[in-house]
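In the part that follows, the structures are each spelled out as C-alpha cells.
What follows is subunit A paired twice: with subunit B in the first complex and subunit C in the second.
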Partner chain A sequence: MLFNSFEFALFLPLSFLLYWFVFKKHLKAQNFFLLAISYLFYGWWDWRFLSLIAFSSLVDFIAGQQIEKSNTKARKKLFLWISICTNLGFLGFFKYFNFFTESFADMLNMVGMQTNPWSLNVILPVGISFYTFQTMSYTIDVYREQMKAEKDPIAFFAYVSFFPQLVAGPIERAVNLLPQFKIKREFSYEQGADGMRLILWGLFKKVVIADNCAIFVNEVFANYQTASGLELILGAVFFAFQIYGDFSGYSDIAIGTAKLFGFDLMTNFRTPYFSRDMAEFWRRWHISLSTWFRDYVYIPLGGSRVGKGRAVFNTFVIFVVSGFWHGANWTFIVWGALNAVYFLPLLLMGKNRKNTDTVAENRVLPNLRELWQMGSTFGLTCLAWVFFRSESVGDAWSYITRISSMNYRLNLNMRPSLFVFFCITIFVLVEWQIRNSNFAIRIKHLRVKILRYVVYFGLLLLIGLFGAFNETEFIYFQF
Partner chain B sequence: MYKFLIKLLILLFFFVPIYIIFIGSVHLSSLDSLKANIKFKKGGNGHLFTRLKEADTIKNIDILVLGSSHAYRGIDPRVFERAGYKLFNLGSSSQSHIQTEFLVKEYLERLNPKIVLYEVYPNVFQNDGFESFIDLASNYRNPLGLWRMALKINSIPVYNTWIASLFDYAFNNSINFNEAIIKKDDIYISGGYVEKKKQMNNSIEELNSRKTEINNLQIESFESTIEFLNKKRIPTLLIQAPITSENYEHLHNRREFDNFFENYVKGDKVENYINYNNQKLPLDNSLHFYDSHHLNQDGVEVFNEFLLKSVKGYVNE
Partner chain C sequence: MGRFLFKLSLFGTIFTILCGLYIYLFATNKSDTIYIKIISPKYCSFILGSSRASQGIEPLVLMKNLNLKHEIYNYAFTVNRAVWGPSHLKAIKKKLKKCDTSALFIIECNLWSFYSKSSKLNSFPEENAPPNSIVFPNIHPNFEYFSGGYDFPNLHLIIPSDGKENSYVNELGRMVITKKFDSTLIDQNIKTKMKTYANKFNSVIKDERRFKYLSETIAELSKYGEVFLVRMPVANEMLVLEEELAPKFDERMKAISNGRYINLKYLSNTYITTDGNHIQNKYVDSVTCIIADSVNIQLKR
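Moving on to the complex of A and B:
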C-alpha cells in the first residue's frame, strides 16, 4: 500500500479510529492491532513476503532472549551471529544474489574464461533493507547490554513491522521505538495536529515536487545522449529535488502517521541542501541510516580516533557500504565512493565537525560565503546523484562528460513547466524558513489563526492542482 | 481526541466546497498554467462532442458500434449504408469498457439497434479508463451522471475534470460550442465515423513487446455490458479491428485474449467473435494504415467489405 494512494486514504482513518476507540483500553490489544494492520499494510503489496518479516522477527526475538540468558560471551556471540547471518542472509539472497553472480561471471570473462552468469528471477521484497537493519540493531544492542531483551512477542513483532516506517524508514533503533510499545499511549491533540501537518507537507513533497520533477528527470536520463548541457544540468538538479522530495516526503508521512498513533519516530532529514560542506550534508541526510552505520560499523572499526590511514580506510568502508546498501549496482558503489572522496579532505584537515550549527542561525538570509558554501555542496551532491540515478557507471560518466559539451540549447521535446519551478521555489523557501526546526509547517507562531488555514488549504490546493497522481512508488522502496 | 476529530471535520467541511469552487473557477478562467490536473477538453481528438450530439437526434438503427478509436476510425457507416444498413458508431478515444457500459446504458433504448458490433482491442482491458473519462466528461451533455464512473476510476485529475465539467454544464458553455467538422486530417462523417485519408509515414514508430495485464474493473464493466445487451436481447458480435501485423505480433498474450472472447461465444453470451488480425485481409502497411493502430480510408474500405459480409447474416435474422 502506498502512502499516496486512495487505499491508504481509507486505511489510515479506519485504523486510527479503531485504534483509539476500540483497542485503547488494553495495551496488548492495541499492540496486537498495530501488528495486524502493519501486516495488512505490507501484505497489500505481496502477502508472500510477510513470512520473511515474521521469520526475521522470530529469529531476533529468540536471539535477543538467548543473548541475555547466556552466561558465556561465546554463547552470546553465537546468538548474535545467528541473528546477523539470518538477516544479512535474507538481504544478500534477495537483494545481491544476481549482482554477485553476474559480477563474478564478468570477472571470469575479463580474464578470458567465458561463462554465463547463473541468475535467478528473485523479487526484491519491499523494504527488506530497512526492516532487517532495524531488527539487527535490536540484537546488537542487547548483545552490547544497551537494552534488555524484549519478553513480549507481540510488542517485539509490532516494533519490527510498525507500518509507518516499515518499508522506507526511518530505521528506528530498538532503544527508541520498542519502549514506546510498552507504555500506555494517550492521544495528544498537539501530537495529532503535528502528525497531520507532517503528512500534508510530506504529501506535497512527494506528489508535487518529487513526482513532477520525475517526469523531466526520466526524460533527460533516458535521452541523455541527445540532451543539451543545460538540460543535463537541469536533469541532475531536478533529480536532487526529486529524490529529496520523495524520500523526505515519505519520512514526513511516516513520522506524521506514527504521531497519530502516539509514537515519536526519529527525524530523518534536516534540510540537507542547506549544508555548507559534505560532512554537514551527511549529518542531515538520511540520518537514521548514517547514524546506524556510524554506530554499528564505523565506530566498531575504530572510527576516526585511529591513525590517519585507518581513518581514511574506515571512511571509505562506511561510504561504500552505504552506497551498496542502496542497491546491487556499481553505480551505488561509485556514488558512495565519490561521497567518501568529498568527505575525506574535511576529515584529514580536521574540519568535518566545523559546521554543526544551522546555517544563518538567527538571521533571515545567509551571507555570501555561506551562499557559496551551500551552492558548492549542492553542486557536488548533484554530481554524485548522476551516478545514483544512472543505469550504469558508463552512462553516468557519459552524462557528466556531455554536460561540458557547451551545448546549452533545449533539445528535448519535454521541458519542465513553469509551475514545477514555482512549486520548487515555494518548497525551498519553506525549507529555508524551517531550517532550525525539526519539521516543516510548524506554524503555531502564526498568531492569526486563519493564516494557518490559508497555509493548509493552499498546500491542499497545490496538491490537487499540480500533484502527479499516477501513484508512483517511492524511490526508496526499491532499497 | 474529540477536539481533534471535530477540527478535522470542520476543516474538511470548509475545504471541500472551497476546493470545488476553486477548481470550477480555474476551469472557467483563462489561467491555463493552473490547469495541469484539469484535463477538460471540449471536442477533444475524436469528435466525441459532435458524435454524441448526433446520437441524441437519431433513432432505430440497424447496427450500433462500440469501442475505441479502432471502432470510430475503422467502421464507416457509408459502406454499410450502401448495403442498406443504418449504422451508428458510438466509439470514442481509448474508450474503455467502463465508458462503453455507460454509453450503452444511456443510448441503447433510443438507438434501438438490431445488432451491436463491440470492438474489443485487448490493450483496453489494462486501461484505467482515465483518458476516455476525460473525453466523455468534456463532451457528454449531462456530466452529473458520470459521478459513479469518476468514483470507479478514482484519481484526483478525474475528480477535477468532473468538477470542471459540472461548472461547464452549469454555465451552459456547450450551447455556444461548435466543433469543427474538419480537424487537420480528420473529417467527421455523419454516423459517428472519423475519416482519415493520410498514409503511413516512412518512419514506423518503434514498438515494444508487451503483455496486456488485465484491470479487473474493465472485466467487470465488460461483463456487465454483455449481460445488459443479453437482457435487452440484442445480438452482439465481438470484433478485433485490424492493426498492423507488426503491432499485433508484439502483443504476447494475444492467444489468451482470443480464448477469452471465444468463451463468450461458447457460453452463448455473444453471437460470434471475429479477430480480423487473424483473417489475412489484403491490407498493406504503407497503403492501408496511417499508423500502427489505425486504418486509413482505403484500409477502412477493404476491412469494412469483409466486416459487412460477416454482419449481414446477423442483421437480416
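Moving on to the complex of A and C:
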C-alpha cells in the first residue's frame, strides 16, 4: 500500500478511528491492533513476505531474551551472531545474490574464463533493508546492555513492523521507539495537528515536487546521449530535488502518520541542501541511516579516534557500505565512494565538525561566503547523484563528460515547465524559512488563522491537481 | 479528539464542496476530453477502440444511417488506454447500460493495441490510467478522477475554457478536431509520427493476451447486441509499416469477429489524415457512412 494511493486514503482514517475509539482502553489492545494493521499494510504488496518479517521478528525476539539471560560473553555473542546472520542472510539473499554471482562471472570473464552467471529470479521484498536494520539495532543494543530485552512479543512484533516507517524509514532505534509501545497512548490535539501538517507537507514534496521533477529527469537520463549540456545540468539538479522531495516527503508522511497514532519518530532530514560542506550534508541527510552506520559500524571500527590511515579506511568503508545498502549496483558503490572522497579532506584537515550550527542563524539571508559554500556543496551533491540515478557507471561517466560538451541549446522534446520552477522556488523558500525547526508548515508566525487555512487549502489543491496517485512509487521503496 | 475531528471534517468538507463546485461549473466538453467521457451517463451501444475511432467515427451519423433504437456513445480513448485487457473490459462494463439485445458495438481494432513492450508482458500497464483506473465513473463531479486519474500534469480541467482549444468532445463522445491542417503541417506530422511508430515497431512484440481479451470483450458485448470490428483508414506510410509488422492481422480479426470485420484499410489512399493516424474531420461523416452501410449489408437490413 503506497502512501499516495487510494487504498491508503481509506486505510488511514479507518485505522485511526478504530485505534482511538475501539482499541484505546488497553495498551495490549492498542499494540495488537497496530500489529494487525501493520501486517495488513505490508501484506498488501505481497502477503508471502509477511512470513519473512514475522520470522525475522521472532528470531530477534528470542535472541534478545537469550542474550540477556546468558551468563557468558561467548553465549551472548552466539545469539547476537544468530540475529545478525539471519537478518543479513535475508538481506544478502533477496537483495545481493544476483549482484554477487553476476559480478563474480564478470570477473572470471575478464581473466578469460567464460562463464554464465547463475542468477535467480528473486523478488526484492519491499523495505527489507529498513526493517532488518531496525530489528538488528535492537539485538545489538541488548548485547551492549544499552536496553533490556523485550518480554512482550506483541509489543516487539509491533515495533518491528510499525507501518508508518516499515518500508522506507526512518530506521528507528529500539531505544527510542520500543519504550513508546510500553506506554498506553493518549490522543493529543497538538500531536494530531502536527501529524496532519507533516502529512500534508510530505505529500506536497512527493507529488508536486518529486513527481513533477521526475518527468523531466526521466527524459534526460533516458536520452542523455542526445541531450545538451544545459539539459544534463538541469537533469542532475532536478534529480537532486526529486530524490529529496520523494524521500523526505515519505519521511514526513511517516512521522506525521506515527504522530496520529501517538508516536514520535526521529527526524530524518534537516534541510540538507543548505549545508555548507559535505560533512554537514551527511549530518542532515537520511539521518537515521547515517547515525545507524555511525553507531553500529563506524564507531566499532574505531571511528576517527585512531591513526589517520585507519580513520581514512573507516570513513571509506562507511560510505561504500552505505552506498551498497542502497542497492546491488556498482553505481551506488561509486556514489558512496565519491561521497567519501568529498568527505575525507574535511576529516584529514579536522574541519568535519566546523559547521554544526544552522546556516545564517538569526539572520534572514545568508552572506556571500555561505551562499558560495552552499552552492558548491549542492553542486558536488548533484554530481554524485548522477551516479546514483544512472543505470551503470559507464552511463554516469558519459553523462558527466557530456555536460562539458559546451552545448547549451535545448535538444530534447521535453522541457521543464515554468510551473515546476515555481514550485521548486516555493519549496526552497519554505525550507529556508524552517531550517531551524523540525516542522515545515507549523507556520506559527501566521497568527491569522484564516491565512493558515489558506496555505493548507493551497497545498491540498496542488496535491489534488498534481497527484499521480497509484502511479509512482517512492524511490526508496526499492532499497 | 472531538476538536481535532471537528476541525478536520470541517476543513475537509469546505475543501470538497469548493473543489466539487469548481469542477462541476468549469469542466466543459472543451476542458479535459477524458474526464468528459468518464462522467457521461451509461449507454447501451458503444464505439470502442483507440483515438482513430475517438476522432474518426461519428455516433450521430451511425444513429441516422442505422436507425438505432438506442443512442450510441463514442467511448474510445488513446491507444495506451484502450488496450484489450481485464481493466479496460471492466471499464467498458461499468459504462454499459444493459438495455436489451438490440445494442450495437463498433470496435475499432488497432494493430498497436495488440503489441506490448517486452518488459510489460507480465502486467497490464493501462490499468493505472483512466478510464480503466476509475472505480466510480459516471459521476460528475468525479473526485476520484480529480485526485488520482488526472491526466498528469494536465491543468485543463481547472482552467476555464478560453474558446481557443483545438478540440472538443461532442455530446455523444466523439472528439472533434477543430484545428486547421495545411499540407505542410500534415507532412511534418506524418514524418514525426512515423518516426515515433518506427521506434515503437522495434520495441514491441505481439501480446497474445490482448487477442484473448478482445475475444472476451466481444463475447461479453454480444450478450447485448451486434458487435463489429472495424479497421480504420490511415496514411499510406502507416499502412506499409503495419502490414510489415502484422501481415496476417486482417485474417486474425476476421476470425475473432466471426466474419463481422469491416476493413477500411483499402481507403487509406482516399482519406487524408492529420498525422498518418487520424482521418481529417471533414472525412469523418463519409467514413462513418461507409461503416454504417457495411453494418446494414452484414445485418441484411
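Going forward, the second predicted complex is superposed on the first by the 474 of 479 C-alpha atoms of A that agree within 3 Å, B and C clash if a C-alpha of one lies under 4 Å from a C-alpha of the other, contacts with A are read in each partner's own complex, and residues count from 1 in each chain.
Quick note on the criterion: a residue touches a chain if its C-beta (ideal position, glycine included) is under 8 Å from a C-beta of that chain, and two chains touch if they have at least 3 such contacts.
All of these numbers come straight from a predicted model, not from anything done at the bench.
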Fit or clash between subunit C and subunit B when superposed on subunit A: clash
First, second, both or neither for A:F104, with subunit B first and subunit C second: neither
Which superposed partner A:L461 touches (first subunit B, second subunit C, both, neither): both
Which of subunit B and subunit C A:I215 touches, first, second, both or neither: second
Which superposed partner A:F419 touches (first subunit B, second subunit C, both, neither): both
Partner chain in contact with A:M196 - subunit B first, subunit C second, else both or neither: both
Subunit B and subunit C contact sites that coincide on subunit A, given as residue numbers: 6, 20, 187, 189, 192-193, 196, 417, 419, 453, 456-457, 460-461, 464-467, 469
Subunit A to subunit B touching residues, read off their complex: 6, 20, 187, 189, 192-193, 196, 417-419, 453, 456-457, 460-461, 463-467, 469
Interfacial residue positions of subunit B with respect to subunit A in the complex: 1, 3-4, 7-8, 11, 14-15, 18-19, 22-23, 26, 33-34, 36-38, 154-157, 160
Partner subunit A, residues of subunit C touching it in the complex: 1, 3-4, 8, 11, 15, 19, 128, 133, 135, 144, 146-148, 150, 152-153, 155, 158
Subunit C contact footprint on subunit A (complex, rising order): 6, 20, 187, 189, 192-193, 196, 211-212, 215, 417, 419, 453, 456-457, 460-461, 464-471
